[in-house]
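Note that chain A is present in both complexes that follow, paired respectively with chain B and with chain C.
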Partner chain A sequence: MKKFLGNKTAIALFTLPALLVYTIMVFYPIMQTFFRSLYEWDGLTAGTFIGLDNYKNLFTDSVFFTSVYNGLIFAGIITVTQIGIASILAFAIADGAVRGRRLLRISYFIPVVLSVTVVCQLWLSIYNGQYGLMNKLFEMLGMSYRQDWLSGSKSAIIAVAFVNAWQYMGYHFALLLAGVRSVPEQYMEAARIDGATKLQAIRKIMIPMMAETYKFCLVFAVTGGLNAFANMYIMTGGGPGTSTYTLTYLMYRSAFRVGEFGYGSAAAAMLVIECLLATLIINRLVARERITY
Partner chain B sequence: MKKIATALASLSLVFVSACGSAGNNADSADNGAKAANNGSAAVAEEATAAPEKAVKLRIYAQYSDDDTKLPYDYAVAELKKEMPNVELELEVQAQDDGQKLKTYAATGNLPDIYQAGTDIINTFKKSGNILELDQYADLYDFKSKMYPSTMNTLISEDGHIYAYPYAGNEFMLLYYNKELFEQNNVKVPTTYDELMTAVQTFTKAGITPLALFAKEKWPTVALYDVFATRVEPQGILKLQSGAASPSDPAYKQAAEQIYNLVQAGLLPDGATNLNFDQAASLFYEGKAAMFLNGQWEIATSTEKLGDKVDWMYFPGVDAASYEANKYAFVGGGNPGGYAVNPDTKDPELAAKVAAFISLKYAEYKYTERGNPLVATKVDKPIVKEYPAMMKKLSDDIPKITSTTAFDWGLSDAKFKAAIEDATQVLMTGGYSVEQFIKDVSKAVPAAK
Partner chain C sequence: MAQLLKKVRQYNLPVTGFMWLYALLSVYPLVWMIFYSLKNNDEIFVTNPFGFPTHLRFENYTQAWSNYNVPVYFMNSVLVAAATVSGAIILSVMFSYATARLQWRLRGIAHTYILIGMFIPIQVIMIPLAILVRDFHLANTYGALIVPYIAFNLSFTSIVFYGFFRSIPGELEESACIDGASIYRTFFSIMLPIIKPALATMVIFIFLNSWNEFTMAVILITKESLKTLPLGLLFFQGQFTTDWGAMGAAMTIASLPTVLIYMIFSEQVENALTVGSAVKG
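Right after this comes the complex of A and B.
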């Protein structure tokens, strides 16, 4: 093994294909995006080099701040709901006392396999101000809390985020359930013998031991939230006005509706930086020491 | 290398939006397959009829409903008689703000003939993806076949011709349900105050005063334009050119009026989430008293509501402004139609086909679709009588004093995006007039 690792040619030979694919498929386009963000470019002509002007404009554009803010709200909502509810469900299902576990496990995962379009259409009906289920629910509870969920400048982003949170909760649930299963049984047994309640055991043993899984879930939820696009594209079209814009949506609008690919690239570059930053922070704060068992 | 770079960069951007437009793609693929079938039938026919060398041209055109399918099919059938050696391979236009066409242009895969609007013309002009048709404009005597009033649809801002138009100037109309107005004792409004009274009466009676499909942003721009044009007939056009500011009295007042009307219940609940079908059905089912849409709505509205429906002149600020601006219409025309790819093998033939198709397209719309609003003169008799509302409009056309532009006719993309967003929020009622003015002002270019 040592001899093999000393063989530079062999290492190069084995890593080269992967490196090549990565460079062409991921690294090069990202570099292109950064490069193009320095141009005033309509996507067709050669474009003119304008240095950091696109970024300067971005930072004076109120839509940019709306987009970043919405991205953060979106990410916040889906992270808390998805991981929160998924954890509860995962711990409940892993518990031997729950009946019909298999059925529950499948039904929690169903929304994940549905197409985003289907889910969005479903929720469009639920949110509908005139005949929607949501308002009917409040009515049934005897509250006169009728809302146009997707038409309010403030409520729209929350309503849209919740749809995403609902859909991908099952995904996090599946990951967390796998995490729960991977924690060796003897630890929980030991805790039980020591007289810990179920809740205590989960809090003190299970969750810390699943730190790696949680880290992955966090990265996935946060970057997914910052990246959000499909939900608003289908449900609100970024509206009303710009109130459900995210950076991805801003990028889409700049490139395809306004025809400013350079500006769109600048927005995309900011998104890449934002996601990298979020990933770094999560990696830094969560599971700094690898837990072994 | 550079081309690859460009393609990759756009790919990385396209990727995110791919899921959103998947529906359109599937649709066009389906239609594409149908077109291919038609195509193979044509080949068989040709083998027996045409000794001339067969030419295949790719065409990218609208082909989604009867209003676009029937005239296109007619034009193609006529083309077969005139130029049997030409075979058209149809690719159905996607409803995607021209993204597909732009991607084709970026990858050098542009169809020989394609439908272009102002936005495409302006973009492609710069990148050399559109053929200047000035030298071919006398094909079929095209220029002299244009109505003098529709010349604006042929000649672009720079004085050149880039596309053969078939659609003439089109207009926004305010449709209303006569029966509902009578039942509720509401006078057809001629002034803002009367409109306010109408809105209040209908709201009280549980009827939506105006159905607007504000999920699409262009109708919201049009509604704003309606109020602006009552004082400043050039409406949004004057804003786009930088000759006026949203804080000018006419524009500020328009925003205030909409704000107040929306507060009074002008629009249905969640209007900014209503698509065309939802808003239109409110009107067709008699749940909404008024409906704002282009004149192309005449056929469907007549079909659904019979003689209960009519259109009114937009209410003015007061009686005097109503009379003065009665014929200041909203909407209009802009350069657009069938354009030619400069890299096509035989530009003259492609230009000839493009011109022919647009002439025949207009002919069918005029004679069979009950639509007098076409760009070119038609010397054939009308087969299908105009509906009453179209008759009324057609009689009014010579009296029109000014037109503005549809949202998609705006040439400044940045201004267009900003006014779309701002007017849409204005429809929610949760947007102050000051904020509206501030947001639109940012996108209004400095006066030229």
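Right after this comes the complex of A and C.
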């Protein structure tokens, strides 16, 4: 048996292809990102070692702070709206007192399977100042609230964040619904017998019991927000000005538009640190002990 | 009767209202896209921006299909997704079998090593990856997308398969061994059929990921003839200013495969995309 499961040829045959592809295409680039962040590098020549200068430059670059700030705004908006709406909808669907549940579930989830390009193009037309649906809607309701939603330097990042929130709300909904269903019936039953209202039971029993699910949703939404790129790339190109830059967008600009690969790598390294920090904080604050039931 | 009364009392109007309102908000943009894919500019902008088209202009679809590069993008997406799914599944299922079931000293380390990839946002390795693709002369070939896509899916897929393989009792291999089956035979004829549900889930997961992938594609592909749908559609806004109906048609065509798969396998698709919470949490 030992010989059977310790077949060296089989082990090599099974593991080497995956290890090779992963090492070259994922692990080596991770190392390179950190290593290259210490270089002044144009992506073509060998580059010169400059220590922490890229980081020093980042910290004196106002666009860096704009990017971090936008990442936080973006993450904040999508976290609150996605998890908030998803919670209401998940508890309501699980409650069972509503008709057409299957239709509702499918409706909530459908934007998740769409391509980000399609979603962004759609919302570009919805937001459009001249003929967009948003302005048409306000017109229909008799409100003179017409504007070009994506060209205001304050409103653009919010408008873009809502597109992401809209697309991935269904993802959080599906996660939370699975979470609700994994809480044993007896707990809710016991609460009802003790005279708790539905809302009390959800607040005091359901949500704490779903701490693990909420933790995952939080990590997913926050790191997703900090990493945001595709939405800006397609909808605003970082503009107006630099008002919708995020760290990933800054990295992309520096490397692929300006040719400062070392500087871009430093921005990428900061992104890793930011995401790790966010994950650590969330792990610290939510569900420090694993809940078993 | 008591049951019915309870039902009525439970029926909460504000919450139900919110549920249907949000469903409308969630689906309407998509419905609106399908509507305008069947309208002309005049109807889209002026006469009937919100409602069902007054006259179904299917010619928009033939227009999008024949005048713009939609068939090329579509075929590229099919090819890249198919290659990514098969490559990633084959490599990860073999790898995770070896780390989960076979006996060797470094298997724990190998497992952890692959796990690292799950915690790194792909955006972070874009720069070295772009250089790597160039140095391997993969730039502007299908390989520029397929190889990195396979690599990126390995960590997560391997972890999921690992969990499934671990849950299989060891007696199965014992009896296979006693019956004289080789390790390969055991893997293909016994193990793979057992984890079929996991295989199906991961096929859906990888397919949706690679069909819709945007960030890497935009950096790694510049050649028109190699663009996938998410990339190809990117430049429509400018190109189609005169022909919005065709743009809607192109976007509808691009969304059709994933939406159809979701409609048919809704439960499996949700499971596939949310399976991460069980692993990553």
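Assume the second predicted complex is superposed on the first by the 265 of 293 C-alpha atoms of A that agree within 3 Å, B and C clash if a C-alpha of one lies under 4 Å from a C-alpha of the other, contacts with A are read in each partner's own complex, and residues count from 1 in each chain.
Following the convention adopted for this analysis, a contact is a pair of C-beta atoms (placed from the backbone, for glycine too) under 8 Å apart; a residue touches a chain by one contact, two chains touch by 3 or more.
These numbers come from a predicted model, not from an experiment.
Judged by the touch definition given at the top, the superposed model places A:80 against neither chain B nor chain C. Once chain A of one complex is fitted onto chain A of the other, the partner contacts of A:136 are limited to chain C, with no touch recorded for chain B. Contacts of A:43 after superposition on the shared chain: both chain B and chain C are touched.
In the superposed model, more residues of chain A are touched by C than by the other of chain B and chain C.
Within the superposed three-chain model, A:237 lies in touch with chain B and out of touch with chain C [touch as defined at top].
In the superposed model, A:169 makes contact with chain C only, not with chain B.
Looking at the shared chain after the overlay, A:253 reaches chain B, while chain C stays out of its contact range. When both complexes are overlaid on chain A, the residue A:52 reaches neither chain B nor chain C.
In the overlay built on the shared chain, the residue A:123 is in contact with chain C alone; chain B does not reach it.
Of the two partner chains, chain B is the only one that A:152 touches; chain C does not reach it. Overlap of the chain B and chain C interfaces on chain A comprises residues 28-30, 32-33, 36, 43, 116-117, 124, 227, 229-230, 233-234, 248, 251-252, 255-256, 261, 264-265, 268.
Note for the complex: chain A touches chain C at residues 1-2, 4-8, 10-11, 13-15, 17-19, 21-22, 24-30, 32-33, 36, 43, 85, 88-89, 92-93, 95, 97-98, 102-118, 121-124, 126, 131, 133, 136, 166, 169-171, 174-175, 178, 212-213, 215-217, 219-220, 223, 227, 229-230, 233-234, 248, 251-252, 255-256, 261, 264-265, 268-269, 271-272, 275, 279. By the touch criterion given at the top, residues 7, 10-12, 15-16, 18-20, 22-27, 29-30, 32-33, 44-45, 49-50, 91-92, 94-95, 97-99, 101-104, 110, 113-114, 116-117, 119-121, 123-132, 147-148, 150-152, 154-155, 158, 173-174, 177, 183-184, 208, 211-212, 214-215, 218-219, 229-231, 233-234, 236-237, 247, 251, 254-255, 258-259, 261-263, 266, 269-270, 273-274, 276-277, 280-281 of chain C touch chain A in their complex.
For chain B in complex with chain A, the touching residues are 5-6, 8-13, 16-17, 19-20, 22-23, 96-97, 99, 102, 105-106, 119, 123-124, 126-127, 129, 215, 217, 268-273, 413-414, 416-417, 421-422, 424-425, 427-428, 430-431, 439, 442. Residues of chain A touching chain B in their complex: 28-30, 32-33, 36, 42-45, 62, 116-117, 124, 127-130, 146, 148-154, 227, 229-230, 233-234, 236-243, 248, 251-253, 255-261, 264-265, 268.
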